[in-house]
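Heads up, there are several structures right after this.
Presented sequentially are two complexes of chain A, the first with chain B as partner and the second with chain C.
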Partner chain A sequence: MSVANLEKPSLEQARATSFYEASARARIRLLLDPGSFVEFIGPERREVSPHLKLFDLPEQFDDGIIIGRGQFAGSPVFIAAQEGRFMGGAFGEVHGAKLTGLLRAAKELKSIPVVILFDTGGVRLQEANAGELAIAEIMRAVIEARTAGVKVIGLIGGRSGCYGGGGLIAGCCSALAVSEQGRIAVSGPEVIETNRGVEEFDSRDRALVWRTMGGKHRRLIGGAELFADDTVQAFREAALELLETTAGFGIDTLNAEQSRLEDRLQRFGTCRDAVEIWAAERVADAASVPALPADQFIELADKVRRIARDAR
Partner chain B sequence: MEDLSFHHQARARAGGTRQMAIIGVVASGNLEVLAERVLPETECRLEIKTAAEGFGEVWDAVVADFVERYSPGGLKFSINDGGARPDTVSLRLAQAVRLMAENEQ
Partner chain C sequence: MTLDRILASMFPDGHDVKNDGGVLLGSGTLRSGDRALVIGVADRTALGVDEAIRLSGAVLGAIKRGSGPILVIVDSDSQRMSKRDELLGLNEFLAHLAKSLIHADIQGKPTIGLLYGHSAAGAFLATALATRVLVGLPSADPAVMDLPSMSKVTKLPIEVLEEKAKSTPVFAPGLQNLVQLGAVHVIWDDQVSLADQLEKLLRNMGDARDRRDALGKERGGRMKAADIAERVRELAMQTR
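Moving on, here comes the complex of A and B:
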């Protein structure tokens, strides 16, 4: 092994790494300005789940979520990142309370935005009631923070996607950026198939899963404001753009969001597949969308659908 | 779950000035290692919570080898293990020592 191989990669090289493959800690470290991250309730505090040991399951010192503050291009932000590999990034009591606390702090300070790196399958089954309550508390905390003037930006590009209560919280955010791998939904593929049958949704049809829940579709129907390539750098640029361009929040925003969703239902309510929706949106070659490289897709998406700045 | 604890004398103090470092995640076949500089300079302790029961002897061997190779004096390692293989454990312990050897940001 040569000495050069042992040297640390430059920041530029490090930020070109896959967001999907990176750990939650690596995502935070590389997204923020170098060395600016300060963790709240770090692993040395050992604030672990009080429930998992009852099920004889291993704990993680940060309970699968890292929260703290840092700098984004010189400006302060609060940041939270879920670790999708620990229990599927699922929300438990402590995990949820850490995010609620961060959002409440942002609400008090009013001027510091919050960036949430979702990577979650939803609520942790072993602490279901506490987890469901946590989801409700976080949704309230997001809306209260936004009402106080705080921007809450969600970034979605992890292996667990953003499902269950995570999908509900994402829906409450000021704006979202998503990569192709970052699926957003409430019920996951297996849940839909279990409840409604394989005719309704074949969870083993990966192409169906990606084009129904994947980032490209979410961008094209307006569920996410921006589409990002799967690199930390692309997510950093997307987050900076959203922090700059996202408007305030009030009753007008909610009314605009309501009419945006009504319009969507009216136009696409009878479509049987995402490809039909893209075709109805006048995408010339709708069937080719899943195979498009990120830069070509972004160009297409910007032509097809302008971002609804007044809604959400 | 099984709790294991090991206490070793190290030849020398672990390098660096960092007080705390964490590496890895708790997942199937993986583990997290939290290293803290909280012990006298020639002592080393490992507290392990593992999902794979009955592997105390393997842990004993892996830990003894690690202390011999890296001399992590002054460090306490707290480990949450999701059933990682010995080579993964050795790798994470080495990564933790390497992180502690870096200077504070």
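Moving on, here comes the complex of A and C:
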């Protein structure tokens, strides 16, 4: 029996694990072709945040983000994965600069796509100014890379979701794949409730959080190109599809996005709940959407909304 | 400094900037005779989907019409925190505005931010921080995150946070902290002509590159960002 035959079933099994439950390192290892990952400034370099000790907080040797290169179905990719279990995956000075550097290299090389595994609550408050600025620099670097012809794909399915400035970076990517758990928003549920009151948004109403910010709603309004089941394998397939189908970036893209968003405001601007929007999109039994299994939801979504691949 | 005084001092040869519910749209005549597009947020207005789509529309319209700089004048709240805005995909609207500004800058319409009041969080990212050069006026009062909110999350009393803020510009609100970090490039003098200062800035814009991390290092406010980004870039460039 060959080695390949021994390895194959175990890789399949491993890729069937939950993306949500996996660590950032496990996600990278399982997503890429086996053994192909090479990390840049890994934990052995101990490039920790210089600011957390001011708050007596523990540091992490990779500052909560893993970046490097690898192979994806035989082709080179750059990859970055945030660890949502360290400081909520939040952006700080070192964390953000690692991603900025990766995107700047991609811009110069032009031919190697970037895959970003978001898992973040947004800016790291203990270094809020540096984190905010890091996000601004990443947004600029994403657009410069895309202008040079680089595809930048975002995968969203982690426990911290993709909030705050993370949501803005995601909106700058060429295309996104999201699972049901992968919430995308700017203001988190608690932030809205704290600022506007529980009548505006009850952060403890989990069903409300999922249907307002979760992956199914984002897919149905066109905020994400693909919906993925919560397995590493599903995200791998989604990323491969997005890398093949994603268009370039230029003034036509931006004009198309302006029309796409104006159209959304016009059609759904007065809806008070996601279920109303889905019904307006002619989803037959809109109230049943949250309970649909992934395969049935994907079938439904493909029927309801053809996603524009040239308007982000 | 009030918005009217700013616009009068910046465009002595005239402008048609209108403030419609906190959304600034219009243009102004530069010393050179060229027209600059002016967009922005006034009166500490929150930036939501309805405001953002108008601003991005104006930027894209200006790109279509041709050259000339874009000024982004800001006294905003944070992003609008509401169920409706999030339901409609606020992250896409804010990203779209930032993308339009960055694209304009790369394509030869230099972007300049002018922060004269407040700004925070997602609104700051989509407007002032999406420009090539960000100018602060002495009246500016940015706060990525306010200390009461930080106090809640970090579980540290505000007095303790204020004490810590004395030793580092990295987290506390204020214009000077953002200058030290490299986010704000320059502070203008509000006692002399803003038109003169704008003209000087437009003559020295340099190339459309993001130098904020290098500035932060020069000014001692962000000692690691530029070096880390450069080390990663070099390692990644060795990929074949």
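Everything that follows uses one rule, which is that the second predicted complex is superposed on the first by the 303 of 312 C-alpha atoms of A that agree within 3 Å, B and C clash if a C-alpha of one lies under 4 Å from a C-alpha of the other, contacts with A are read in each partner's own complex, and residues count from 1 in each chain.
Operating definition for what follows: a contact is a pair of C-beta atoms (placed from the backbone, for glycine too) under 8 Å apart; a residue touches a chain by one contact, two chains touch by 3 or more.
Keep in mind that what you see is a predicted model, and the values were worked out from it rather than measured.
Under the clash rule set out above, the superposition-derived model of chain A with chain B and chain C shows the two partners fitting side by side.
Of the two partner chains, chain B is the only one that A:85 touches; chain C does not reach it. When chain B and chain C are set side by side, the one touching more residues of chain A is C.
Within the superposed three-chain model, A:18 lies out of touch with both chain B and chain C [touch as defined at top]. In the superposition on chain A, contact is made by A:43 with chain B only, not with chain C. Look at A:296: by the touch rule set out above, it reaches neither chain B nor chain C. In the superposition on chain A, contact is made by A:60 with chain B only, not with chain C. Of the two partner chains, neither chain B nor chain C is touched by A:288. After superposing both complexes on chain A, the closest C-alpha pair between chain B and chain C lies 14 Å apart.
Within chain A, not a single residue is touched by chain B in the first complex and by chain C in the second. Interface of chain A with chain C (complex): residues 40-41, 47, 50-51, 54-55, 67, 69, 76, 78, 93-94, 96-98, 100-102, 104-106, 108-109, 112, 123, 125-137, 139-141, 143-144, 147, 164-165, 167-172, 184-187, 191-192, 194-196, 200-201, 212-213, 217-218, 221, 223, 250-251, 254-255, 257-258, 261-262, 264-265, 268-269, 271-274, 277, 312.
In the complex of the two chains, the chain A residues touching chain B come out as 23-25, 35, 42-44, 46, 53, 56-62, 83, 85-86. Chain C meets chain A in the complex at residues 49-50, 53, 56-57, 60, 63-64, 79, 81-96, 98-100, 102-103, 106-107, 121-122, 124-126, 129-130, 144-145, 149-150, 152-154, 156, 164, 167-172, 177-178, 181-183, 210, 212-213, 216, 222-226, 228-237, 239-240. By the touch criterion given at the top, residues 1, 20, 22, 25-27, 30, 32, 34, 36, 49-51, 78, 80-82, 105 of chain B touch chain A in their complex.
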